[in-house]
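In structure tokens below, several structures.
You will see chain A twice below: alongside chain B first, and alongside chain C after that.
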Partner chain A sequence: MSAAFDVIVVGGGHNGLACAAYLAKAARRVLVLEAASDVGGAAANREIAPGFTVSACAHLLHSLHPKVIADLDLTRHGLSLSASDIPTVALDTGGKHVVLRRDQVMESLTAHSAADAAALPAFYRRFMSYAAVLQPFLTAVPPRLGGGGRQDRLTLIKLAWAVRKLGRQEMREFLRVIGMNVADILEEAFESDLVKGALALDGVLGTSFGPRSPGSVFTLLYRLAGEAGGLRGALAHPRGGMGSLTQALASAARASGAEIRCGAPVARILAEEDRTSGVELRSGERFAAPTVVSNADPRVTFLSLLGAEHLDTGFVRRVSNLRQRGLVAKLNLALDGLPSFAGLKEADMGGRLVIAPGIDYLERAFNHSKYGEYSEHPAVEITIPSIHDRSLAPEGKHVLSAVVQYAPYDLKRNWDDAREAFTDLAVETIAAYAPDLPRRILARQVVTPLDLERDYGMTGGHWHHGDLALDQLLMLRPVPGAAQYATPLPGLYLCGAGAHPGGGVMAAAGRNAARQVMAMEGVA
Partner chain B sequence: MTQPPYKAPLLESPLHSRTAPLCLGNEWTRWGGYASVDTYLNTEHEYFAIRNAATLFDLSPMRKYRVSGPDAARYVSRLVTRDVDGLRPGRVAYAVWCDDLGKVLDDGTIFRFGPDEFRICSQERHLCWFLDCAIGYDVNIEDVSERIAAISLQGPRSFKVVQALGLNDCRTLKPFDMTHFDFDGGPMTISRTGFTGDLGYEFWLASEKAVSLWDRLMEAGQAYGIRPIGSRALDLARIEAGFIVPLVDFMPAGEALRPSRGRSPFELGLDWLVDFGKGHFVGRRALLAEKERGRGRRVVGLDIAGNKPARDALIYAGRSKQVGAVTSAMWSPTCKRNIAIATLDRPYDTMTEGLWVEIYVDKERKWEKAMAPCRIAARPFFKPPRRSATPPLDY
Partner chain C sequence: MYLLILALFECMGAKASLREGVRTFMKSYDAIVIGAGHNGLTAAAYLAGAGLKVVVLERNPHIGGASISREIYPGFTYSNCSYVSSLMRPEIMRDLELPKYGLQIIPYEGGLTMTRDGGYLASYTDHDMSRREIARHSARDAEAYDRYANEVLRQCRFIKPMLMQTPPDPTSFKPRDIKGLWDLGRAFHDLGEEAMYDTIRFWTMSCTDFLEQYFESEVVKAHLAGTSIIGTALGPSSPGSAYVLLHHYMGEVDGNIGSWGFARGGMGAIARAMAAALEARGGQVRTEAEVAQVIVRNGKATGVALASGEEVHARIVVSNMDVKRTFLKAMDSKDLSEDFLRQVRNFKIRGSSGKLNIALDGMPDFPAVPKDCPALQGDLHITDSIESLERAYDDWKNGMWSRRPYVDMMIPTLLDPTMAPDGKHYMSVFVQYVPPKLADGEWSTEKRDAFGATVINAIAEYSPNFKDLILHAEVRTPHELENEVGLTEGNIFHGELTFDQLMFNRPIPGYAQYRAPVRNMYMCGSSTHPGGGVMGAPGANAAREILRDLKMGGTGAA
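Moving on, here comes the complex of A and B:
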């Protein structure tokens, strides 16, 4: 087995592709092996009916790192936005919706609560300053715990300094809120349930938290640390769906010489003499390379592909105890026309419509998930991307894309049996605001957490390949011993959402991993 | 009086009904949750019986884990630092197992019953660790400690006792061999193993049959001066044999609160137990790095001038530089030497002269300090031919 490649990347999700593109740009011979029939992972498109294309899972950009866009020249490779800085609309059953966009005070907010309108800008400014502390660390290799070198100490000092720079009072406040729950913070600042619910959603989206779970403030900050369309804390629609972003990444990787093979599920990561030597596909075909980078989640990477036999027990135990229970499902609809949301202005239809009318609503929705049930009244994040992007649906028709939370992976009922009932429930939940929705549906599709595991290879169907919680962050992500992209097995690296800085379509993990590989591995 | 919420503060071994009436001094110690005899009546008598006659020790509180299944051999090889491929069915091996950092968690003996069946015996409980080590392996791990009792028969005349029981087949057992018999209609394993560095055998059988075996051994041993011994006498014999004991001679890594207290097999002087050639095992990468870096300290045997046992003594290079400490010490009546097991910092662990031990001597409640010169000595301190002679020598 002679090595035709320097690096094999297992998985062509957006992080794997970004990693491959960076490595190929640095003249490494790279092979990407993707299990699915196309690249993208959870950032891909799906044709749900002839002519109707929708982002299969991830649908909104809020964190794609601008460095990655620039370094890889993604605009030239086809990335563009169909809408940027779109507003968030907190849907109200009475039709008195409140529109939110970063720190801007909209008329609907003033009308709804003058006090909250007054509180919003200061709240936002403060949270953006906290988010700014975290922002530089998204593209840094986390420091090693104990016995680290100079670089590790430097990163820790930078983190401490970034916090200190907030000023004495704000630093104290930052340290106070960082481990808090998002409900308590919002209760301190706002009076309106609708406003609090919509803001709290960002603290729990994609996590296994409720708004009253500690650490949910951190998730909110993490989101705000990202940017889209050049604006911090903004939301944007990729033109052509999320799949077009990963196509752009694939194109950038190929342009630099990377080879990408789809329909090539890796069965084993091979090791010889305590070092990676290549991979074996499920078909039995083998590829040799001295370096293997895995975009698969840590549990799959270490326990299924590599195998515990190459790892120490404490490490294996930490990996097997990773919390990785997905709580999110995706509803994708093909519509024969725009549904009418009572009381919603046409201009706001293209925004992000959220059903999260209050902290209690969210917390109740969360309660079910603790006991293996899906929410009776779920929180929903809806977009109708075809409003901005006519390429997604035939003339006059539309696609609706909705994240539905909470839908636990470990449902007491079998997901395959519960699928129809759950889909009905999700549609009804939206129909409470848009009564004509059911009539407009031409095709519908639900991606359950079980589907995410089966079809996208995400253990537990988890958005972040492992909870983004305080004990699974930075130098603890995914677990000590593998938190600097390098793993205990020389030659094996992680580059996916399970690594720092976590999931969301950010591409930072892929970029950071590539840099670490370049720093640690010579060229063959 | 109100009843305490527990039935008995300590568990009783299956042999309690036999050991308790004999424990005339009522001196007990704790061992893994069990009451274990410390001294029956007189430690010296018990010690000399080990070296001159035959002794019984109730080994039942020992933890015993059955490891079986298609991956059993691969599993054991992953768990411990030594090679077990070469361990044939019917053989026993001493081994240590380490954590990720290459620090020893405990030591024990591995009995290979068949290609896919082992038993691991250790002083302390390790089920959680053993199960964690089994993640990804098709192996079954079972704690059989309560089901299996064990009696250790040690001393130069122990084979005579075995013979008197009619178990002549033990004649050909070499050290670390084991064989199986039928006893009262159930299986019994006898291994030529022990903790005394002397001729001796260990008997393993179902707990219900332990009393019957004890009685038969005591009866058969009458003619050979058999005597039950407690852990205090055994400890003297094991020091002479040069064996180290966790929690005495080193902190097991799982018990240490201070991360720097863990000890690697190299630091324990157990280099011969580490096999880097067998593929990955837990702690391998850390141990390889340590091998390159060089160990920081080492457990050694010491010969100390004079006859004052150097218990818990500090060791100096020259008169003032503290370079280590004694962890076990005794005046050895059999060797007629003042011996100790100690840990010495590098590079003093190879010093040929200039090492001093600071001994505190109690002269009828008047304490005096003595500085005694010492030399690093080979272990075992006591190594009689009868320990390994096969067939056993006639005593």
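Moving on, here comes the complex of A and C:
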């Protein structure tokens, strides 16, 4: 079978597009097949009411890798930020909100707790230095242990050296905190519940952990290792919503010659004589290619698209055991005006407003998720991107985008029955701080983990295609045997969030996978 | 100038100690061990065996710390705190000749979990018997049990050699530390590629995730998950709890890995045998000798001051107390750096366990279990789902004792009739979770009794005649464990077993090699590597390090 393409990329999410763009730039003939009517995956926009555009799922940039932006010239392809280095506002029921932005000590923090204001810069600097240890590994292929070659050993030595370079005292501290829970570490450093809650949220966002679960410090570090707008540990809004970012990636891929077909759901990855030979669409149409790169999550890739019969049982068991249970829902609101948050300065409205007033609040919110219930009092991360970007809503009107946690995929009640009640709860939770919110709502929409699975093809509705936790990272991500982007089936590769370094709109997995494909596959 | 001041200080110090010596009739030893728990006695016996003049100072009128048995109710011997033996290192048993001094470990068969629907699942030391039991609940799980047992055994074999080793300091360039790390790396590498991945996962994953890789049946998972939460501030779904499961698997009785036994005559028999071994080596134990403070002169520990005012002097001081008690209570903060004290304060030592000791008029009925089931001699559980273990944990986090607690009941008198009068039985009930402080304030007698009633009622649901048989019950919460046994916050392991507090991080990064920041002072309790359980390894390891510093290495300590 002579092939018109060198590489087929299954799925046009941000990682698939980044991978395609890199490969096309390297003169590979690339075809991207996307099931939905437009590219983007979970990094896409949605019009929730006429004239109201909102980032459907992911809504803040904190880790899009600067190498990807530079290599693919994304700025030229239309990527820009409508706001960068936005602050985090820890909402307080009494209206005494605390504004946090990296290591800067704001007046509100000093007024709230002088001790915490004094502790913040040192805490932040220490954690940034630990995050810096991890940072270079975001763009490295995870090493194989034991069975690996010289490159693998080199990566391990580099990691050990990066830790050693911290110096004796800090290395000791690093080795202690790396496996700790975020609640304990924050309690060692801070006194205010409000501050601890807001900082702890970053240790649990998007994971199936609570702040008292060991390993949550790592999640926090991972987040700090990312950068946005040229600043590490910062947050930014992409202009035009998250969908504009994936449009920029698609544009970069096309400019280098990649072909992108939407509305083309892949039904099967084909294998011939123990090698990938192409894909078959749901329509029955087939495309031949010696290399297939899957942006789908590992379970979909291996168990649905390829089929367990091509893999050995041990490998299939590992894939089936991936912890991939989404716990996050997204609330999108169209508003006829800005809601008024009691006590919140207008200048701070454009920040990331978080409802996580204390470690215990977060932990209790988490408890429900263990038993198939959504939180009675959820943690919420709110943004109003239309403050920075007037293209998102009609004049004088706004969109509110909120991440609501915990909302477990495996809800005991059916999500379709619970949807309205859950939406009410999410709105009420925010309304406790912004009483006029309910009457400003023109349209509302909730994306539950079940919706994420059905509409975006993510197993378990998990944003990161599997928890970013110590037992599912680096050479363990997604599973040993497929952690270096190559899979047990020659010619088949992974490039999605399920692969190292995981989710968040980072695009590093797509980039790393492209480099691995180029290293391992000759030009046809 | 500097030298002059130093000399002046030296003179003052010498003068002061001379004065005190005259006042209190100075006694001097080579080594003082604070606390006659099993690790203190182990360390002391090894030191005495190497020829040192050793004294163990114990606050209570009895020895044993948490490995103790006492007659609280006439005719009955209670193992008041720890209640089974398995983790005790066989090399220590051999070195100290504990069997010669009366220690006899009686192995028991296994255990069982009773289910809400009136059934049960038993486990046995014999793999095939356990497998058949599991098959009654799920044929698929019975097959998985083979894989599970292999994996657990493999992890035990990997960890076992580390128990009796001093953890290498990963920040050090000393040849000894580099070699230690190299050996560790080599042992890890020798596992083979696949097993290396599994091992990393095992150390970082939750017990629930670990078990779900193998089993589908709720009762099988709940039965196996119990050991992952004992003594911890974790739930079965908390990452890191898979390791705790292993911590309780590492034991052996007569060379059988994973098996458990009773100390004949109660757990106090272990401490008694150790004390006898110590005395046979020329050491001595002084009870009712509460240490108030470690005396430090010119940055060196020189002895201790007792609560009575008496001073005891020695070349070295070894503390078997937990790390918080040692440095925050028994030492003057000016003798330690602020940085070190901060780390000690940050050491996590939350208590989570309670204990009931019950004298029974006869053997209670458990209608769910056949009367001749040999597993009745072992651990009896009534928690039949992971979810209820997890909910029990949530109660603890909320500052209350678990409304439906996890209990590990044992009736040692079925195998050891010496502990109760004829026809009567002693029951040990270990309870998880019980917080050191309650959300509504401190513990009180009423609250302690209410906690006891919760546990007794829970058991009575599975044993209709249980309440009628109770002659006496001793109820112990973390509050009692702290005040009577001296365990800070009632933590039975002298500090939580999470990876930030294991190996070279235990108890404090940089101080994991049994040496305190003050010269001539050492730590030998469960706060140090490899942690809690009646294992003796911290004591033996500390003794080895001490003898190394005294250039007396290779004289007896394993």
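Simple rule for what comes next: the second predicted complex is superposed on the first by the 523 of 524 C-alpha atoms of A that agree within 3 Å, B and C clash if a C-alpha of one lies under 4 Å from a C-alpha of the other, contacts with A are read in each partner's own complex, and residues count from 1 in each chain.
FYI, contacts are C-beta pairs under 8 Å (C-beta built on N, C-alpha and C of every residue); 3 or more make two chains touch, one makes a residue touch a chain.
Just so it is clear, the model here is predicted, and its values are computed rather than measured.
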Let me test your reading of the model: by the given contact rule, A:Met475 touches which partner, first (chain B), second (chain C), both or neither?
second
Please work out whether A:Arg317 is in contact with chain B alone, chain C alone, both, or neither, and reply first, second, both or neither.
both
Looking at the overlay, does A:Glu309 come into contact with chain B only (first), chain C only (second), both, or neither?
first
On the A-aligned overlay, A:Pro435 touches which partner chain: chain B = first, chain C = second, or both, or neither?
neither
Is A:Pro136 in contact with chain B, with chain C, with both, or with neither (first, second, both, neither)?
neither
Based on the superposed arrangement, let me know which partner A:Gly230 touches: chain B (first), chain C (second), both, or neither?
neither
Counting residues of chain A touched by each partner, does chain B or chain C come out ahead?
C
Between chain B and chain C, whom does A:Pro121 touch in the aligned arrangement: first, second, both, or neither?
neither
Across the two complexes, what residues of chain A are contacted by chain B and by chain C?
314, 317
Interface with chain A, chain B side, in the complex: residues 74, 78, 99-100, 129, 132-133, 135-137, 279-280, 282-286
Applying the document's contact rule, which stretches of chain A touch chain C when the two form their complex?
144-147, 164, 168, 171-173, 175-180, 184, 188, 209, 212-215, 314, 317, 321, 323, 363-364, 367, 370-371, 469-471, 475-476, 480
Flag every residue of chain C that touches chain A in the complex, lowest number first.
170-171, 189, 191-194, 196-197, 200-201, 204-205, 209, 212-213, 234, 237-240, 346, 348, 387, 390-391, 394, 397-398, 498-500, 504-505, 509-510
List of chain A residues in touch with chain B within their complex
274, 303, 307-317, 320, 481, 488
